[in-house]
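Notes follow the structure.
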């Protein structure tokens, strides 16, 4: 089949699904709605696979399929096509999106079957897939931006899906507006790049990027990439714009899995990787990215320690993992960033769906303090969740281990790296191991704290099949990128991942001095440290939350105010509303009241008063007193005469 | 052709006024407006978009002594606005099917006169003829707001009228002054033709305020700025919008505001290029202030209609910036944004009118949870909201993006400030949507005695063309921009020595 | 000091004093009498300017007819001493007096400046007058009036007629002369 | 022009200044008096002042036309006095007083 047609079908299939479900959005026939949506995404998935195979057939340097459908905007020199490109990076993304997407669609049929808005839900979900595909396939920044905003819109609609709850609608709004702040910076970034390079085509931008790194903070590339990165902090929930993601858990759980874990939130990382040629010559931006990523990774992890809502824990975990990915791209490990993106998509989607399964079983209960001992009620969910847990805490040989280890190694060894970044990464890993174990322990292990009226039950096959598939992927997903030091030991399995991405990724040199042997030793030891610490941390958490009742409370008490602060999410939301939002609203009210009503309107009234006053003054001159009239004549004559005489 | 376009509505208005049957007035008006629309489509068919030349010219002497002629012509700058006008009127008539219940004949007659006046001011190429149409447009609007308006309609009409009128006076003065200058270029006789005005070379001294070009520039600019409206002169707009009946608001926001921005492009920039360039920063600054100020004030409005009115102030700020950065991106974007704003804000006012018909309230705080009761209405509203806040693939994005790009190439600082409008725009619109449509059911939505029915077939028919346009213009902007591109590019390139060519050959010659 | 000079100063003094008296006298009858005095002295001034016919007319028409009319009306009203002869309002009063003062000052200034600038000293004027000579003024007057300005004369006649009718119309009682009210 | 000449030599300007003074007196009367009849008399004063000017110019320029004007002025003055007095009479009939302020009723 023609490759362009494949891309067209890939894109249009979910859109058609959206329309099919959209026009009959009031229907409650969940089987029909779910089938339409799932089949639409499956078709896309098949297209993705075909495109991927097509790419594989091509020689490595020419692995790029483009399709220009029409000219979208053309003004003067600014010409943007509705053009899409499949290359090494985007092919992985479309596989993840459509693959994981299809699984989540399947899961949703089971999860949402009781909901009245099920058809609308599937329509939104398909629309999201469509926009996400535009985002990853768009070959210029502007076409990417179309998807970028489009997924934001879908996220808005899906977070606020149960709109009758004011808080949920507000969460949707918060997500959209916070994203918009990033988008505004993204737009500026596009302008800077367009004015500098005269194009927004990402392929061309990478080609045109200067070869020498830009050292100035105010250079065009640095500023442009910095702006794009601010855009990414909005979409990918990094400091300071991460606040929307935890609230976004108001949406249905499969949505959290699809949008707020696996796909949309990774758009920022994807964008940076796509533009790696540009970012790599802006070391200042890279440094900022790495620092922000590391800081987010640690901070979100600490908040994750104290949360009791199962989805909130996962949300902060997502923020933290995204921080990891930014740390990766920030130190120039674009491949590792993408790698972690993929493995994270697998295990985090798995965990979200697992939590969905738990919530489903618990009749919409999300508080982990009211769970416990669910292992015997939900065996499949527990088993899959367990695998996801191993993956996320980075236990070898599960997927998370390889990607996380790659990132940590690069953070240490890259020329952009630093030991502190590495330390932050390890700290993040340790914290992650702790709160994830805590989550496992409180939810599935230990004694049951389930309310008597609730009878947990295992979910139907529609929900467990995706869990199983994702669990398998979480286990084996990391095997495509086994680092050299390990592969050397186990029989030279090639690093498929690096090999695949090589033509499109620019690399920074590693700075570790010494012979190959020293380097290998170093890598081994670092790996050992991080895995060991994580394991100890996980074990501690296991003991604390299953064996020793009340130990956690004691720790919490010991830390007192610090615990409270972390539990309240460092009061960032409160600070934002007290420092930015409320003053803005109050200020606007004053602006309206003072400027509009009291200054401008009053001023115009003053003018009318002046006219009216002038009129009434002239009116008062006309008294009817003839002698006064005669006086006016006299004065007039005097004035006229003196004017004549003075001349 | 153009004369027919202008005067057919007047004929319609007269027929309307003497139509004997009361029941069929609306059907008749709808039919007439559709005839007009079809006629304008015919015009579009004949329009040659490849050239910047003035087309379909009609010129006859009118008041020969003062060189005033009946001079009509169309080029890329006006063609889409003409289409917008003829497109919106049938929608307005259908949209106001139920909301206008007194003096139906008079209303439709006024609407047709208004249409004629608006078309006239877009099409006339003679200063005095233009002025006549410009002023004529005030009169029916005055009646539409004054007769069919809300409770404070007299205050609002007066404010609207006096504001616009005081600007017009300045403009008339400036027109007469310029007519007195024309003998220099026409070889001795006075002329009011815009083409002769373009030939004038009015002396300009940078920094000196009391020079002819600067004074004329500000006289025209203030007149148009009131109409747009630009920031400190905007306070008539919210009042007029709130008091106007739905169709009045739609015409006002959809077309009348565009008369101001169109005239900036047709008159101010080409006639006084040096002054416009020298003082552009003032208008760009006002545009930026308008964007931010309008958005902030819109955010805290308790009344939906007022909110949309202030959002108009914000959007018009974008257009103003686009015009005054005077590069191809900005001007193309601004022209496109005029159409977008006409469609999306028009649609917003129609939607608000629909809900107002049902509940007779526009207080945001009394709504809530409307989405559960009126899902189709909500879908339409959210789509239009997305267009208004410029989500890609809706029309608003293309215009806004190009304007921002133009602003960036003028000065990154301007773009940096203007781009805050993107965020604030989303904030006030979505907050409003949240309060009206989402959350628990509000006071008005809960009440049982007026059941809130979802959109009727008529209302769907009203909204569907607008929504189609929103997406069509967002996905295929070239279909629309191609009409104006030649003219705009020509204007941007030759703005210092501008004159609309009368034939394509002349255009090419001047190009070289 | 010749007789002419003395005569001028004497007449001027009488004219100004009696004129002032017209304005200042509280009782209108006195005002009327002083006005008659002014008229007569103006007639005398006409004589010094060799306008003999006009002097006669002045006496007959003004001092005679018009003054009689005034006095008759005053008698008709039977007005006593007025309580308040002048208008109220200090500010406007001052303004009025000031404007009058400035006006007279301006006229005087205009006259003197005008004549000096024109370079025509009064001596030359006199000599010119003597040379040109308005010898037979009455004849000259009649010729000018009835030959050159006959239209104006006739027009004035019509005006007088209109005035006469108008006056009657204004002052009659309602319902015509024979009606009683 | 030496000071002595101002007194001993009588010229046109003397008459004209006299005329101006008389005119001003008349004007003051018009502006300040309240009795309608005195007002009319003041107008006569002003007219007379003008007449003096006319005759003076006529005499010093040796032309008779100035006197013609005086003739006309006198006629007009007589007519004006007649109308004014008639108005005074009708005012008096109505208000039993001839105060000028009653003319304020003529105001719209």
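We just call them A, B, C and D in the order they show up, numbering each chain from 1.
Here is the rule we use: a contact is a pair of C-beta atoms (placed from the backbone, for glycine too) under 8 Å apart; a residue touches a chain by one contact, two chains touch by 3 or more.
Treat the numbers as computed from the prediction; the structure is a model and nothing was measured.
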{"item": "Steps needed, at fewest, to go from chain A to chain C via touching chains", "value": "1"}
{"item": "Relative to chain C, chain with the most remote C-alpha centre", "value": "A"}
{"item": "C-D compared against A-D, more contacting pairs", "value": "C-D"}
{"item": "Distance between the centres, which are taken as Cα means, of chain D and chain C, whole angstrom", "value": "5"}
{"item": "Rounded Å distance, chain A centre to chain D centre (Cα mean)", "value": "99"}
{"item": "Gap in Å, rounded to a whole number, between the CA centres of chain C and chain B", "value": "71"}
{"item": "Intercentroid distance (Cα basis), chain B paired with chain A, Å", "value": "38"}
{"item": "Shared interface positions of chain D, touching two or more other chains", "value": "27, 31-32, 100"}
{"item": "Multi-chain contact residues (two or more partners), chain A", "value": "627, 631, 634"}
{"item": "Two or more partner chains touched - positions in chain B", "value": "none"}
{"item": "Interchain pairs in contact, sorted by label", "value": "A-B, A-C, A-D, C-D"}
{"item": "Residue ranges of chain A touching chain D (in the complex, touch as defined)", "value": "622-627, 630-631, 634"}
{"item": "Chain A residues touching chain C - in the complex, by the definition given at the top", "value": "627-628, 631, 634-635, 637-638, 641-642, 645"}
{"item": "Contact set on chain A toward chain B in their complex", "value": "25-26, 70-76, 78, 142, 145-146, 149-150, 153, 156, 160, 163-166, 169-170, 172-173, 176-177, 180-181, 183-185, 187-188, 191-192, 194-195, 584-585, 587-589, 591-592, 595-596, 600-601, 604, 608"}
{"item": "Residues of chain C touching chain D in the complex", "value": "1-2, 4-5, 8-9, 12, 15-16, 19-20, 22-23, 28, 31-32, 35, 38-39, 42, 45-46, 49-51, 53-54, 57-58, 61-62, 65-66, 69-70, 73-74, 76-77, 79, 82, 84-87, 93, 96-97, 99-101, 103-104, 107-108, 111-112, 115-116, 121-123, 125-126, 128-129, 131-134, 137, 140-141, 143-145, 148-149, 152, 156, 159-160, 163-164, 166-167, 170-171"}
{"item": "Complex contact set, residues of chain D against chain A", "value": "27, 30-32, 100-101, 103-107"}
